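Heads up, the next two complexes both have subunit A, just with different partners, subunit B and then subunit C.
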Partner chain A sequence: MLNLSTAVFRQLLAWPILLSGALWLTLAYNLSFDKDLGAASLGAFLSYIVLASCALILRFGYVLQQRRQQGWLRQDSLRRTTGRAVIAEAGAAVCSLLLLVVCAQLIVLAFNPAVNGQSESHHIVLSRVESDNSWAFNWDDSIPVGSKLCLTFDFENAPKGVIESSIAVKQRSAPVTAGKIFYWPLSADDVRDRTITLEAPAEHNISLIRPIARLVIERPPISALPRLLLNQLLFFFTAIALCLFIFRRLKVNGNLASMGALAISSLPNLKGSHLLPDVGALVACGLRFERTALTTSNIALFTWLAMGAILIYISCKNLVANKK
Partner chain B sequence: MIRHLPSIFVSLIIAFCVVSVANGNLRAVGQDSVDSFRCFNMWLDFNNASVEANYLMMGAIADQIEDLSGNSEARELSAYMAGYSTSADSFKRMEYDALYWAETGVKWLRSSDSTRNKPFAGLLLAAYIYAERISPHSFSRLTRKQMLKTYAAWLASGGGPDSVNHAVTKLYQGYLALDREARDNYILSQLQQTRFPK
Partner chain C sequence: MTTPPALILENVRLAWQDADAPLLSIKAQAGDKLLVLGSNGCGKTTLVETICGYLQAVSGTVGRSSRIGYVAQQPKLPTSISVEDYFEQLVSLCADDVVNDPQQCMKLFDLTPHAKRKIGGLSRGWQQRINLAQAWLGDPQLIILDEPQTALDPDGMTSLRNVIADSNACVLIFSPPQTGCETLVDTHINYSELC
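Now for the complex of A and B:
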């Protein structure tokens, strides 16, 4: 099985592919962290790694199709052809992804680039007026615990001499001062509910300047990169399993299977759909990645991984027809 | 036909995803990555447009950068260049041309108050464009009202989250201590005494 796995791995990462990967990593590093060119953003770097991972999944589909056309080379050497071939192929694909994320981590460790100096980022939050002295806020994504609401209150119509007031939610309360930004730290419950309603004392007659209400989210430091890359690897594990399932079990063309696997992997991000676990944040990347990065719950993650394991298990079963 | 059913099914899923992405109901894996790269290219275009002083192009690109990345720096920079710095008398622009771009700069800022990631610096910029570039040529009450409202909102924010200057908080509290009739003149005198920080 190890021989077959090594052979598939070599086929996956042929020399031209390895060279392209190295060039891609160099480009990714420069476009993300270069002093003049880059966005100095970890999210930008992650986005190039996600693209490389997607390309590897497509390459995996192509290699599977090639192996089918070549008559399943080296598969006869296996004692139990049915299951072990699938495991060997999955192992090769996971190892190639592992190589990519390890190289991505090493390049950052070696050069220790400077990332955006601001530890927090500001994001839009939807707000609506509930009553004259209360306002509701809501957001679509799962945001990290520890995020804050950043609010500006207008004391224009407050009684003369009132420059202090308070904002309350249930039993919690915090003071607000005229001319100072007000921060409301969101609790784990608020983050889970994706909504919160703040209330001010009616007698103070203060109002929220709604267009400039924002969510403040802490940016993951560069030391969080290993965890972010590991998240990507875990996400693509199930994509690999999906690709193998579609290819081996449904007997679909390898290229189509890899595209289908990527399409199905995108479905957890579908608005209003709760069919698949909410694991979109595992591949959070881009210039707004901090909004969702590291927010995947353990239950969702383990469900996603279990789905991958089950798909590989089903793919291992009853593949007599694939024997040469 | 039955042999091709799985392929048809997978193709249908791919088609569904493509349509959902086009409708904005789905973020495909890697879509943020593509947007990130597009954003990088847009910054290059934005720099070229700023070198060529193509303000319309700058505004259009800034709009797209904000939409893709949530970063409003390009928006504020284009409003500053088009509506403030190059509208100064020292720039020797035609009066109507300077006024047109000042109004355009303010329009860009006002229309994006709720979408800029950090709207605070833009509020101050808009107030100064009103005060220094538009008000001397326009006696509209609406302009005056917008200017006062924008500056008051900036004061209420204490200069924004990055401000380390407590003077803005004191200014706002001083503003609130005044009678309503005196507040407008307080803001006007502040705008006349100070200049937009570079």
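Now for the complex of A and C:
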């Protein structure tokens, strides 16, 4: 088994591919953290690593197709040890991704780059007026529990002498003072619902100064990079399994199988898509990274991994003969 | 106790055959060596691929030993690895409870001197020897050879003849007439006789 896995791994990461990977990592590091070129952001760095992982999945599909042309699939089916070959192929692909994320971590550890010093990021959320004294806010991504909604209320039309009021969400309430910024920490329920409705006492007649609010979200520190990279690896595990399933069971060309696997894996990132577990945050990168990183629920993650394991198991089953 | 036949085909209709075409039947025991002769396009390769399980028979029964060696008409080989690596990887694909000796298999067709060479760097004839040798890996009980004489020189044909003669497995050779395969085994039948 190890012999098989090593052979696929060597085929997957031939010298030109290794060299390209090293160059890409250097470029990614410079474009992300260089003080003149980059955004000094982990999100930018992670987006380059996601691109490299996608390229590796495409390469995996190419190698699968190559192996089909080299007769390995027929040998495998003839010798009736299908499971061994599939596990070796999946293992080689996971190991190559592991190598990529380990190298990405090592390069950051070695050079210890400076990242954006602000510990919080700010994102605009538009309000929707529900009634004269209630306002709803929606956001699309899953965000961390404890993020704060930040807004300012206008007491101009309030009854004379009223400079304090209260804002309520369901059973909870918090005081609000004229001229002061109001912060509402989001609970697990608010985060799960991706919406919140703030309600003020009708008799106080207060309103929002602007129909917008800021979401204040804590940025993951650079020390969270290993976990963020591991999340990427876990996300792409199921993409690898999907690629193997499409290639082996649906008998599709390997290159198309890898493209299909990437396309299907990207579905959790689509807004309003409930076809697959909500694991888009595992590969959050760029600007979205600051909102959604490390917000994937354990249930969604384990469902996603279980899907990958099931797909590999089904791929291991002996192939049904073709109809000519 | 009688040993089960290495291959049994009963009233098999191949994928390409019409509904009124005659059905194929054949039974072969371990140790049988048989050459099936048929002209181009008569369905030899389709039959071979059905026996190997790559194609589905439309109807009928196909039973065969679980340990099978197959020499394809067009060899599909990984060209970028060495002969030795290829056999090592094939051993990894074989079940653990059978005898797997890659060195012995390479010796059968004099491949040992070329063990370290990349398959892609070898001539078509040597590639055919690799294609033949891999069929004997994993102690097969049934060996199917589809036009095995392709690209073989007289030395190669002699090796093949000797290996077939020494084998305890059931060996079935499929070839068009007058290709030299007639010298490999003593029992010849026409494809039409299977119907």
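Everything below uses one rule, namely that the second predicted complex is superposed on the first by the 296 of 324 C-alpha atoms of A that agree within 3 Å, B and C clash if a C-alpha of one lies under 4 Å from a C-alpha of the other, contacts with A are read in each partner's own complex, and residues count from 1 in each chain.
FYI, contacts are C-beta pairs under 8 Å (C-beta built on N, C-alpha and C of every residue); 3 or more make two chains touch, one makes a residue touch a chain.
A quick note: this is a predicted structure, and the numbers were derived from the prediction, not measured.
Of the two partner chains placed by the overlay, only subunit C lies in contact with A:Met1; subunit B stays clear of it. In the superposed pair of complexes, A:Arg84 makes contact with subunit C only, with no contact to subunit B. In the superposition on chain A, the chain among subunit B and subunit C reaching more residues of subunit A is B. In the superposed model, A:Val50 makes contact with subunit B only, not with subunit C.
Of the two partner chains, subunit C is the only one touched by A:Gln69; subunit B is not. By the touch criterion defined above, A:Leu19 reaches neither subunit B nor subunit C. No residue of subunit A lies at the contact with subunit B in one complex and also at the contact with subunit C in the other. If you check the complex, the residues on subunit C that touch subunit A are 14-16, 46, 50, 52-56, 66, 68, 70, 72, 75-81, 85, 88-95, 134, 138. By the touch criterion stated above, subunit B contacts subunit A in their complex at residues 6-7, 9-11, 13-14, 16-17, 20-21, 25-30, 32-37, 39-40, 68-71, 113-115, 117-120, 123, 152-153, 155-158, 160-161, 168-173, 176-177.
Those residues of subunit A lying in contact with subunit B across their complex are 31, 37, 39, 43-44, 47-48, 50-51, 54, 120-124, 150, 152-156, 158, 160-161, 163, 177-181, 209-212, 214, 216, 235, 239, 246, 250-253, 256-257, 259-260, 262-267, 269-272, 280, 283-289. Across the interface of their complex, subunit C is touched by residues 1, 3-4, 7, 11, 67, 69-72, 74-81, 84-85, 88, 320-324 of subunit A.
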